[in-house]
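Structures given as structure tokens follow.
Both complexes shown next keep chain A, but they swap its partner, so chain B is in the first and chain C is in the second.
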Partner chain A sequence: MSTVTTRADSTVVRPWQQLVIIWALLLTVPFWLPLLGGYTAIAGRVLVMALAAMGLNLLLGYTGVLSFGHAAYFGLGAYGAGLTLKYVAASTPLAILAGTLLGGIAGTLFGLLLVRRRGVYFAMVTIAFGQVCFYIAYKWDDFTGGYDGLRGFVRAPLDFGLFKLDIAGNGTLFYYFVLFVFGIAVGLQALILKSPFGRTMLAIRENERRARFLGLPVEKHIWLSFSISCFFTALAGTLYALLNNFADPLGLNYVMSGNIVMIAVMGGMRTFWGPLVGAVLFVMLQDYVSSMTTNWMFFVGTTFVLVVLLFPRGLMGLLQRKGAGS
Partner chain B sequence: MSVDSPKLEARAVGKNFGSLRAVSGVSMTVAHGELRAIIGPNGAGKTTFFNLITGFFPPSSGDILLDGRNINRVPAAQRVKMGMGRTFQITEIFPELTVWENARIAVETGLGFSLRAWLSANEKRQVAEAVDEVLTMANLTAQADRLVGELSHGDQRAAEIAMALALKPSLLLLDEPTAGMGDEETYKVTGLIRRLHRDSKYTIVLIEHDMRVVFHLADRISVLAEGKLLAEGTPDEISKDVHVQNAYLGKAE
Partner chain C sequence: MTSKLTLTKRRTFLTATAAIAGAQFTGPFIIKARGETPVKIGFIDPITGSLSALAVTEVESAKWTVEQLNKKGGILGREVQLLVEDSANDTGTGVQKAHKLIERDKVDVIMGDVNSGIAYAIMGVTAEKKVFHVVPGGHTDPITGKDCKWNVFRTCNTTAMDAAAVTGELVKKFGKKWFFITPDYAYGKTLQENFVKNLKKAGGTFEGDMLPIANADFSATLIKAKAYKPDVLLNNMGGAAQLNCMKQFVQFGMAKEMALGGALYELETLRSVPKEALTGWWVFEWWWNQPNVPAVKTFVDAISPAIGNKKPTARHWMAYVSIMAIKLAAEKAKSLEAVKMAHALSDMELPPEVSLSPNKVRYRAGDHQLMSDIFVGEVQQAGAGGPDDLFKVETVVKGEDAAGSAEDTGCKINWPA
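Let's look at the complex of A and B:
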């Protein structure tokens, strides 16, 4: 009785089937993607954007709180990783750790100022903080590279003592490295969502007043979920810097925040894998359309509107059981 | 927690919204194990009175005591931990989760597990048993795997009551539990409340418009009108009270 529990679980395609299909596809990307005319680095970008959006989705889809400023944590992750590689040590794991901590802790502290606000006010304050980070990166030329972004670092090979993995030179190997980190991260997310704490997130989304009158300290739980969400998005940011060997101030901008939200919403924010599907769509549009026209954001926006109008629950929402709820 | 002190005591509590005196100078004492009904016309201040008791907002004046202890400064979430369970005039549930899940969240919160990342096998069993128990009490076992939002109005109410029960409250506050229900559903919910009162010995305060329900269930009745306590007594006394008849029961103008 306690297995099939939440609506998000009750899908047409069983959760374990989704899991098998998704991982089979992800693990074989370097084999089939070139046949479709793609390249492996683009798959890395999909994973990174998916992880950023899945991080946001813990907050947006599961706790029901909208952040329009997650680019801040994504960008802090990217800069944290880049700066570590450039100024501290040529260690990829250290760069990931430092960037994730930087973005995650910034989010955790900032979250303290947020938790009493709701709805639009919450979103507005998150935007404001995002823009502050953007201007710091933009203005602090000497340290961050300013407008041009942070360059002059490269991801370092993984050194296991006995053997080395050349994720710096070998693109396929790097893809599998990103996939490995992605796998651990989403595994953790799944554990969180299945925990008593994860259920309190759903409770707050479903009915904040009821949650409060169960005796839940709602603000504390929103704060924790915001914090956790920021750590995951920051982790995605570190991978983004490693992917490009570059940290971009535009990665901190509200446009990026909007992209992360769009990815989650298009894919289906009430579903676990929705943001991954949204990221596939987003990166494909970004890649193919931007090679044809500089107005690619117009096409992304149009697609977003169409998806939201036609499939209000997002693309993955299509797989869900019909007729429930309202 | 002295045994002599009443379960709940309101001492001249008042609440103003701007110039509106929604509740003014209401005193009420509810004994352990009592079922108290609060009646009164629309806008009398009944729900506001509940909001004061449960700490939804602070009173403008007066004191509220639970088991003899003044709780004016105790926040709402803490009052829940002290044993106050509440249902709302408009049912407050988690509509897109199953009945089981609704109860589970309540049980886990009640057991203090809500910040936990995992539970031991023992703890999981403890949770499952508690969930089964409250669902049985509320007669919802058959609907355990359905989304609460899909249930009938009456069963949604029962689910909300089950969630309140999951916290093992010592005082249950029910705001119009039969509002908007047909006869059959009213009968079901009334039965549930009576079982909770007679068999499980809960102390219950009930706001209710349906006089059949009130006179059937209540040990004592308090009548509110325009924010003031108009009368208080046994169902017999209240039905004979002239003021009440004029103000509320509508016998004479």
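Let's look at the complex of A and C:
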């Protein structure tokens, strides 16, 4: 491992180059995507799924713990935002705040109960909690809209006093709003990963026993990592509700959890930008191939299998030499 | 050598030019008459997932209908293009596809979805983008009830209509003591509420169980039903659960003790159930065997060869009526502008070759719900009409009579300024 980390500077594409390329592409999406036959709304969906998977990646890629129930926090974020817009106030920032807090706090509380589990047991308990949230949303018809989903809310324009930003009626403006929130979120994630706490997450991932012998409170750190991860995924959920003007129980279902894991793994779960690349691949495949054939899931599945077999570090692993992401 | 090549090229050029010029005269004149831009209809349906059997039928019919329309000059003299997108029974994907069809493909009209939840979500997008939208087969009431929109029209019935249509018949034939087996989600709850409302009006009593949507073991509930001794057992479950419930109902020997009935049943499901489960009193939203309506026979004869020589189902009818209604609305409005089309279609009586029904049928102005005929009758083992003759129509209830007033649905249509 030590020989690997010393070769970090031999990255094919250096981090600052990655950053410039990624942000240049993201900032200019409304200009080049239509030329390639795309549309701005799909770029918003890519960002949302990427943020959800990046949230999961803090846990999966950087702490080494697999959650198969992150859709719960994603969906709770979506319901939190939708319920706020519907019943409390027509304020988009308030909806985002409420949804993020709902999903994040739920994750924090669930996390307390599962930090002592490891491996398959940890994953199983996360699925169970996810399904609990799914059935609550599914059964509580009067409040959540049940199986039909929560409707009757729309994202509100942003009111800055002197001027208003019409993110409700202008798709391009809404994309930039999502990108702005995405930018803040990934900036925060980068700060967390660079902090001493971020380094302890890596230490736990690499060798939990050694980290424990070094005196690190492993359970507490995993719980914190899980909690932070849930806050970011819940934030993505709030944006998903705003994107669709709708929240439904399938957003809380284990199938969605599987999609989030798949995105993180395809993109590269030990790399910072991997989930974004995974989201581009997953959403585009789903969108374009499903227009051509009803067997589109076969192609998504085959791509996943091929990526896992040929590039175990995900697509971003192609751009980075072994270990550069560590 | 050079001169030979030049000569060959010139000859080729002349031949090609003559061929292209000739093609202008030999091609179908109808194509020449069409405008340059096609009329685009975007159809979002769950072609994959648990509702795929119904969605595939709708899409099959939509493709056939568009083909027929194009043979007769399209819509407003323009070719019709059908763009089908799979919602995969997922709301987020459905909404994404609506954006794709409207923003990228610039469709004039949206159709979809079988899944009511997705239909709701798509309604949000089409209303925001002011695109004309027809829901061929999503049943939950609020689509044309309290959540109705000026641009949305629905072809299939509401659960309230289906329940109202069959209640009178079941009470009249069997009695007022009922037992419900209902799926525990919004559709099932709305359906049961509507049944109970109608039953109470008739002075009836009831008991029932709400079960998970994909329930497989009905023994406990059936024992409970047996002890209650109802006149009718209402099976409101859907798909495989509906089938399992019916099989166990027959195995428990309950068919001799009480009548079996329910609201929605589909020919697609009937084809796959075992013989012993072909029983009970049900509602069909359209039936292929209507001897007194000549237009139905014409339709059945025309579409059958294109769908594997089977009889068309209610889902074929829903997609057919929806597309024909789009044509009628556009031609009455002389425009593809959503507001004009919506005004044109409101209260328009559909001609018999479109409605394919014995009574007058229209999309009601008050809630944009199609007031179609509802076929109440008994499911039977294959009759004289062939393997698809699995239902015997006893009564046809007029949509207007089953639906109640538009005001009662809670719909208030707010037209754009």
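We take it that the second predicted complex is superposed on the first by the 307 of 326 C-alpha atoms of A that agree within 3 Å, B and C clash if a C-alpha of one lies under 4 Å from a C-alpha of the other, contacts with A are read in each partner's own complex, and residues count from 1 in each chain.
Everything that follows uses one rule, which is that a contact is a pair of C-beta atoms (placed from the backbone, for glycine too) under 8 Å apart; a residue touches a chain by one contact, two chains touch by 3 or more.
What you see is a predicted model, and the numbers here were worked out from it, not measured in a lab.
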* Between chain B (first) and chain C (second), which does A:Gly251 come into contact with in this model arrangement: first, second, both, or neither? -> second
* First (chain B), second (chain C), both or neither touched by A:Tyr240 -> second
* Asked: So, does A:Ile184 touch the first partner chain B, the second partner chain C, both, or neither?
  -> neither
* Considering only the touch criterion stated at the top, classify A:Tyr39 as touching first (chain B), second (chain C), both, or neither. => second
* For A:Arg210, select first, second, both or neither according to whether it touches chain B, chain C, the two together, or no partner. => first
* If you stack the two complexes on chain A, which partner ends up touching A:Thr294: first (chain B), second (chain C), both, or neither? -> second
* Regarding the shared-chain residue A:Thr200, is it in contact with chain B (first), chain C (second), both, or neither? -> first
* To do: Determine, under the contact definition given at the top, whether A:Gly171 touches first (chain B), second (chain C), both, or neither.
  => second
* For chain A, which residues belong to both interfaces, chain B and chain C? -> none
* To do: Would you tell me which residues of chain C are touching chain A in their complex?
  => 47-48, 85-86, 88, 90-93, 95-97, 99-100, 103-104, 116-117, 120-121, 124-125, 128, 140, 142, 147, 184-187, 189, 213
* To do: Could you pull out which chain A residues touch chain B in their complex?
  => 1-2, 4-7, 191-192, 195-197, 199-200, 202-203, 206-207, 209-210, 212-217, 221, 224, 324-326
* To do: Within their complex, state which residues of chain A touch chain C.
  => 34, 37-42, 45, 138-139, 141, 145-149, 151-152, 154, 169, 171, 240, 243-246, 248, 250-251, 286-287, 290-291, 294, 296-297
* Asked: Which chain B residues qualify as touching chain A in the complex?
  -> 54, 76-78, 80-81, 86, 88, 92-98, 100-101, 104-106, 108-110, 113-119, 124, 128, 144-145, 147, 149-150, 160, 163, 167
